[in-house]
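Let me begin by presenting the structure, written as structure tokens, before commenting on it.
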Amino acid sequence: MSNSIGEKFRITSFGASHGPAVGAIVDGCPANLELTAEDIQKELDKRKPGTSGVTTPRKEADEIQILSGIFEGKTDGTPITGVIFNKNQHSKDYSMFKNTPRPSHGDYGWMMKYGNYDYNGGGRGSGRITIGHVIGGAIAKKLLKTQNIEIVSHVVQIGDIKAKPQDFNTIKENIEKNPVRCGDADAAGEMEELILSKKEEGDSVGGIVETIAVNVPAGLGEPVFDRLDGDLARILMNIGAVKGVEIGLGFDVAAHTGSEINDAYQIDDGKVTTKTNNSGGIVGGMSNGMPIVSRIAVKPTPSISKCQDSIDLEKMENKKIEIKGRHDPCICPRVTVVAESSTAIILADHMIRSGFIHPSNLEF
Amino acid sequence: MSNSIGEKFRITSFGASHGPAVGAIVDGCPANLELTAEDIQKELDKRKPGTSGVTTPRKEADEIQILSGIFEGKTDGTPITGVIFNKNQHSKDYSMFKNTPRPSHGDYGWMMKYGNYDYNGGGRGSGRITIGHVIGGAIAKKLLKTQNIEIVSHVVQIGDIKAKPQDFNTIKENIEKNPVRCGDADAAGEMEELILSKKEEGDSVGGIVETIAVNVPAGLGEPVFDRLDGDLARILMNIGAVKGVEIGLGFDVAAHTGSEINDAYQIDDGKVTTKTNNSGGIVGGMSNGMPIVSRIAVKPTPSISKCQDSIDLEKMENKKIEIKGRHDPCICPRVTVVAESSTAIILADHMIRSGFIHPSNLEF
Amino acid sequence: MSNSIGEKFRITSFGASHGPAVGAIVDGCPANLELTAEDIQKELDKRKPGTSGVTTPRKEADEIQILSGIFEGKTDGTPITGVIFNKNQHSKDYSMFKNTPRPSHGDYGWMMKYGNYDYNGGGRGSGRITIGHVIGGAIAKKLLKTQNIEIVSHVVQIGDIKAKPQDFNTIKENIEKNPVRCGDADAAGEMEELILSKKEEGDSVGGIVETIAVNVPAGLGEPVFDRLDGDLARILMNIGAVKGVEIGLGFDVAAHTGSEINDAYQIDDGKVTTKTNNSGGIVGGMSNGMPIVSRIAVKPTPSISKCQDSIDLEKMENKKIEIKGRHDPCICPRVTVVAESSTAIILADHMIRSGFIHPSNLEF
Amino acid sequence: MSNSIGEKFRITSFGASHGPAVGAIVDGCPANLELTAEDIQKELDKRKPGTSGVTTPRKEADEIQILSGIFEGKTDGTPITGVIFNKNQHSKDYSMFKNTPRPSHGDYGWMMKYGNYDYNGGGRGSGRITIGHVIGGAIAKKLLKTQNIEIVSHVVQIGDIKAKPQDFNTIKENIEKNPVRCGDADAAGEMEELILSKKEEGDSVGGIVETIAVNVPAGLGEPVFDRLDGDLARILMNIGAVKGVEIGLGFDVAAHTGSEINDAYQIDDGKVTTKTNNSGGIVGGMSNGMPIVSRIAVKPTPSISKCQDSIDLEKMENKKIEIKGRHDPCICPRVTVVAESSTAIILADHMIRSGFIHPSNLEF
């Protein structure tokens, strides 16, 4: 078993890039949440490629159908199934990859482990399968909204260009205004230029995506092995192309002392807060009521059109490879949607697990 | 449920810093593994404090007893229970922390979530409970050794002092020779000095711990939600004080292009390898046969003797706090043992899950 | 989470009687199993109603579509999704059941627990949702066949009419020849008559279904809480209308002594067998190599056209109810298919868990 | 993994009959439940052998120690560990069973599956390991008591002697007055005589144990695979010696019609009840507010002193076996305590899962 995540709010994902369909079942969403296909569709549209020069020009008409779980406009506690039928996927010949794994792609692992590997468009290793994450995330976000929790993911670095910190609402507005989904309008322009120049070279570039969740109550997370930071790290690291996850100050803690970065508590207008948020809202594996801040390192798309060294696994000999086609020169803008969805899934799960949301019925 | 991890090789941990005992049950270890209390004791001794100036001078006589799971010197497939009875733990008065959470400690979350919080020595939030991890890790390492898999964790950064890269065997040797458990003998000296100077100031300092696992076969990890990188990220982030996890190049991928860091495949002496290992041995969530390399960011010990701002939760007012006592000025050396154990647990679990180790009996 | 079962071979089921679709995801089926939609369709056809006088005359054109998990005619290790779109389901008005739970149906629980209950045709409480079980069971049976394991379920009692014991192959043949799916051709006729007479009276009748699995190796089952008998009891009791489960002699053990029913071991043609099989193939929670025999008690269909007492939950007053429509006068014949599927799912799961079937790839 | 059960209220059991200790960890009990070792001890004392002629004369001084999870007399949300050190267990030589499985005992499965089998006193297959169930059950019962839920298990049949039905309070009283733990004082005497006569013959006898739980709210159980009846069936069937489980009318439903046994709803003093309780309090996999009634078939103790046929697995030849020692001539009285505990564990788990008990803190 490997295609499910979450204990109470649980996603089971299915489908391959060029198979008949992709989708997900969301089990454990409480009854009486208003939900329409449109709620999911609008999140899917954000990750859809072909909307600007910085993503692949491939067009994917990702139209969601809900097969179960809604009764009279509201969830009814039964599993919610969302499916998108794949269309026009067999336009290209992928047979050159049958025995030749693409460098820094998952192909080799799939071949070794399962033997029968659907190499068309990366099969189930394709980024396209994150549609399942987004279906789950859209429902999770709607559920969290009933508790006033909001989440935003945005690009904070592409190559060596870094965004300046912005407040939550500015980020939410700005990411819809530039194709990079960067919260800093100035940096966004430079990032776009860099991506387009790499695209021209037949190359790709990496970056960093930050996610912020606000209004999360204190006490989410189950020590010592289902901690909130551990569960977030897992789901975020599970996103293809992610090679690092940090919470709060992250790797910067290494070069600091306790007296410099400890988050002092204070009573602020009758509420407990911390003066700084170097912990990124999580201490001891539990939320402390401050904004939850994570960052993920996203590697450059491994599909590049430059010639690369690989092997022929059947003949067991070295072989050159060129990956033609229309690839994302930078995957970060689309990863923001998946990071936001993944964070929402974990938070929704823990809100139920910790008793803040009733496990079966919102009207209780 | 929150104190278990692993699907097939599963640790359930228990106990609090000042309670009667701490320990763990390891369920799912196949039968016929030779195992003695000594195998576990020698790992516990590595994380034991009081062995040098860079750790707390507290003495803990952590003597393991095995209560179940061994028959005639070998595991018998039943749960292995290891327990350490706590001794002399009630020497100190912790009552000043009853309503006053220590900055950047988990206290506040425990208080909010459970109400009845054992604040003595951090209760179950104490670093002492990683004894459970080490019990599990010791057994996992012994199990992995039957498959030729070896793991080492070492300190690669303290404050702004960085170790130079060393080969696997050098690291293994060097970490036993310096109290910092650093693989680079030169850097180790500087690190020790830095830690001692922070200790003198009543302060603490952070660092980075790297873990390398060799001889791991290709194909470990279950896409898309029980990937090997996700599971490693989760267990490593779950270690107290860890604020970041990276695999391979980690956050450095952001500033690179695909052509710079893609790992090209090659046939090398009849075996598939990659020319570089920027992926850290994991691509597409599965191992590729190369060494698995992770790094974690460890924050400075939040317990410092300098005066800090906090609050009184009963009176709901601000309050100063000073944390007296004998704390680790830098937790990194001891975290190496926990990181090594945690990595071993995940690898053992996935070796069974992926069919490389028989689930119930090594002699099959 | 409530719509998944199995650890390694895992079914996640979805859909409601009158919703857009019903189906299931099967996660954890190893790669390289030959599988077609036809393999599943032929099992679904066995549970399809409308094929004789003893089942409901409702016609359901249950045509399976496979949305994922098959590549070039074989499983590829990724989740297999089967879906059946519901057709012509809204022909009837169920609104009288909105606030009036049907006696001995699950309605009341659904109403109390989830609030928003799809009362059309029983919603997700309908027998129709066992299509998910059958999808999973069809794949499990195909997988077990590679290990020579075969399963058959047959009706052994309807009302007070009992079938005489028959051997495995006779049962397999006979159940296809009579609409009751009884292995004893003589009893089958009497059973059919009894069912038709109860149908005439607007009533329904109960019965007992037996399941036999042969060629199961010794050692399946994980003491002490994932035992094979416990897991079978759970999945069988989870079938709607089942009120009892027994293994081997079952409740008859109460009136016997140890010396009467202990199963003596013997070496038989170089193989270990038992002289009797009162244990039904499971001792100490593990299979012992003998045929695995279970029986389930199936209650009479609670939907009867006779007038019954119920309540109006909105007005909180008593109310009479008559359940019109075309109901199965006896659910047992169709339950055989679900019992067979359920048994197959548990055996497939345990064959993988116990290391008899490789977890990811049949060709290993 | 096989020694854990429960999702939110989760027991992990360990230990073998003649190993150093037996016990259990209970993870997921909410904080602020008053709990002492005495609460557990008094339940353990009920299952303790040697208290009358109908159980084994073996003396077991089963003294519980709590190693974790209690702070200032109350649970604190962390795992509760109970352990009993085994004493004087090596008084007997069991080596004749090393290669010779006892008929209808689990030995053969353990030997085949794990290879290294602790055959002393049945190892982990011994009835002694149900101490873990009772530790979990004692805590579960205390937790359920806060919600007014009470459970009683009693012997309703031994051999062919059947108890007459009694009301809940009479049963509770009577079972403490006779060694058979039968709720019907008259039948109890006959049962005791029957057991003693079988004991004299070196034989054993089976029986039936019924469990009743009252004041369980409607809506427990998670369709379709974590139903309350399925979860009860599983944990009860997992008890050694149990060969059948039924809910409500159980196997008697087979010979009835819907009109005879459907449970009509009624409004009774402003509350919803059913006129009959043939469903045993569970319909559609969910509780309906009526008493939850289950019965289990308990086989005669397979250890009998009469000579039996078995085999030598090393020499692969037939061999006679006589099981000397002091065995329970009827296990039913002691099984009542395990059935009660098992039922309590499942109900506690589902009370938390369904949101009736807060998952982390009773004071919320």
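Read from first to last, the chains carry the letters A, B, C and D; within each, the first residue is number 1.
Keep in mind that, in the parts below, contacts are C-beta pairs under 8 Å (C-beta built on N, C-alpha and C of every residue); 3 or more make two chains touch, one makes a residue touch a chain.
Protein names from UniProt, one per chain: A, B, C, D = Chorismate synthase.
Predicted model, so just to flag it, every value in this text is computed and none were measured.
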**Study point:** Contact-pair overlap exceeding half with C-D, pair selected from B-C, A-D or A-B
**Key:** A-B
Exercise for review: Among all other chains, pick the one whose mean CA position is farthest from the mean CA position of chain D (Chorismate synthase).
Suggested key: A
Review point. What whole-Å value do you get for the distance between chain A (Chorismate synthase) and chain D (Chorismate synthase) if each is reduced to the mean of its CA atoms?
Key: 46
Practice item. Just give me the whole-number Å value for how far the CA centre of chain B (Chorismate synthase) lies from that of chain D (Chorismate synthase). Key: 38
Practice item. Among the residues of chain A (Chorismate synthase), pick out those that touch two or more other chains and give their numbers. Key: 1-4, 7, 13, 113, 124, 219, 354, 360-361, 364
**Study point:** Footprint of chain D (Chorismate synthase) on chain C (Chorismate synthase) - complex, ascending
**Key:** 1-5, 7, 11, 13, 101, 103-110, 112-113, 124-125, 129, 132, 157-160, 198, 203-208, 218-219, 221-227, 229-238, 240, 242-267, 270, 272, 274-275, 278-280, 283-288, 297-304, 306, 308-311, 313, 316-318, 354
Review point. Contact residues on chain C (Chorismate synthase) for chain A (Chorismate synthase) in the complex?
Key: 1-4, 6-8, 10, 12-16, 19-23, 25, 27-28, 31-32, 65-69, 71-72, 74-81, 83, 113-118, 123-124, 360-361, 363-364
Study note, to complete from the structure: Note: in the complex, chain B (Chorismate synthase) contacts chain C (Chorismate synthase) through residues 7, 219, 353-355, 358-361, 364
